[in-house]
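For clarity, chains are labelled A, B, C, D and E in written order, and residue numbers in each chain start from 1.
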């Protein structure tokens, strides 16, 4: 999975029927070495009730469809967890409030 | 999924039989932090009636085949939604006319 | 899918049995904004009788196995169509002879 | 698979139910030519009891779900092996203590 | 598939059970335009008896599991062929001894 920060929201009324009811969030990846937000993120379906500003884990590809909320839906990126702590090299790069 | 802008069209008369009837559009990804069009896009099948100039969400990989129009077809990128609004950090980066 | 130009050929006599009979072509991706050939291409199986110099669409991943010629074969990139025209922003970037 | 170094840990209490019980580690890829740690890693589930500081192999995509511990779980990156030796060009780039 | 050069070996005694018996080789991709070895390679399972120094084709993703030796195993990159000749633009970039 990729660790990233939820930075925004997407609303789309005209869409593939199987996407109806899903919440889509813009997630920017976090650099593992520095903890800083990077470019190159995704628009992910939310399986855990995440909100803007939170640090999350998201899965991509067919794994993104292995949740109750996304199974058999045309989703290729899903937020799977809300991160409490992220440590690298003994240093805490992120700690949830 | 990736948020992108439909920037062009592709016509191909000689093709794998299972692709017949699909519309293919060139989609360039949009940078999540700036809202600007970037390089590195795809040629996506259209599942929602999108047109050139619109901002869309597209899925890649096996998820691109999870729609009624693309199932069991050799498609690895499909436009799934037409975006109404895209907000990052409380700022509206895109608003459909 | 990715739009690219067929730039070369690969011959391999010692190979996984399920690859026997497939033609493999080197395909370089084409930049969607400029129409120029880029680095970072693939060696794709040919499902449509493409030749060197032609502009094609190729699919990657599991979608590459969704054709009659490639099903159940260990192929992760397949040429699916020969492009006639490719237009971006109202400008014709490629027109087949 | 990708060879990488385990550089950190992630803890997430609020998560998709099928992730409960898995250990997640931050893994940074190792450059094949130099043996140095690079940017662009992943958060991988651990299938082999790896620890911070070890050099490992991890698989991504649907292959990440082909282990006893990860099958049918929404995981897209799994540590599959702990590396003993890594040699390039006759030179030992890594040797486990 | 990707064309690459086998540049090294990996040994791992502690690993997911389904990987036992597979040989793992480090493969660096070859630039299609120049024929030169690049960064960014993978550790691939060997399905064809390849050795260090040889130029090969490898498949990634679920296609890597579509061989007799790798089926149902957690492998995401497999060497599928040993290249005899690689030609680009009428020029031979590689010819096996």
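Throughout what follows, a contact is a pair of C-beta atoms (placed from the backbone, for glycine too) under 8 Å apart; a residue touches a chain by one contact, two chains touch by 3 or more.
In this text, all values refer to a predicted model and were calculated from it rather than measured experimentally.
Peer 1: List the centre-to-centre spacing of chain B and chain E in whole Å, with centres computed as mean CA coordinates.
Peer 2: 32
Peer 1: State, to the nearest whole Å, the distance from the C-alpha centre of chain C to the C-alpha centre of chain E.
Peer 2: 20
Peer 1: Provide the list of chain E residues touching at least two other chains, using ranges where the numbers run on.
Peer 2: 60-62, 64-65
Peer 1: Chain touch graph shape: choose line, ring, star, complete or other and state it.
Peer 2: ring
Peer 1: Round the ring starting with chain A, chain B following: which chains, in what order?
Peer 2: One full turn from chain A through chain B gives A, B, C, E, D.
Peer 1: If we count contacts the way the header does, which residues on chain B are in touch with chain A in the complex?
Peer 2: Counting only chain B, the residues touching chain A are 1-3, 31-33, 47-49, 57, 59-68, 78, 80-89, 93.
Peer 1: Looking at the complex, which residues from chain E come into contact with chain D?
Peer 2: Touch residues, chain E against chain D: 7-19, 24, 26, 28, 39, 41-44, 60-62, 64-65, 72-77.
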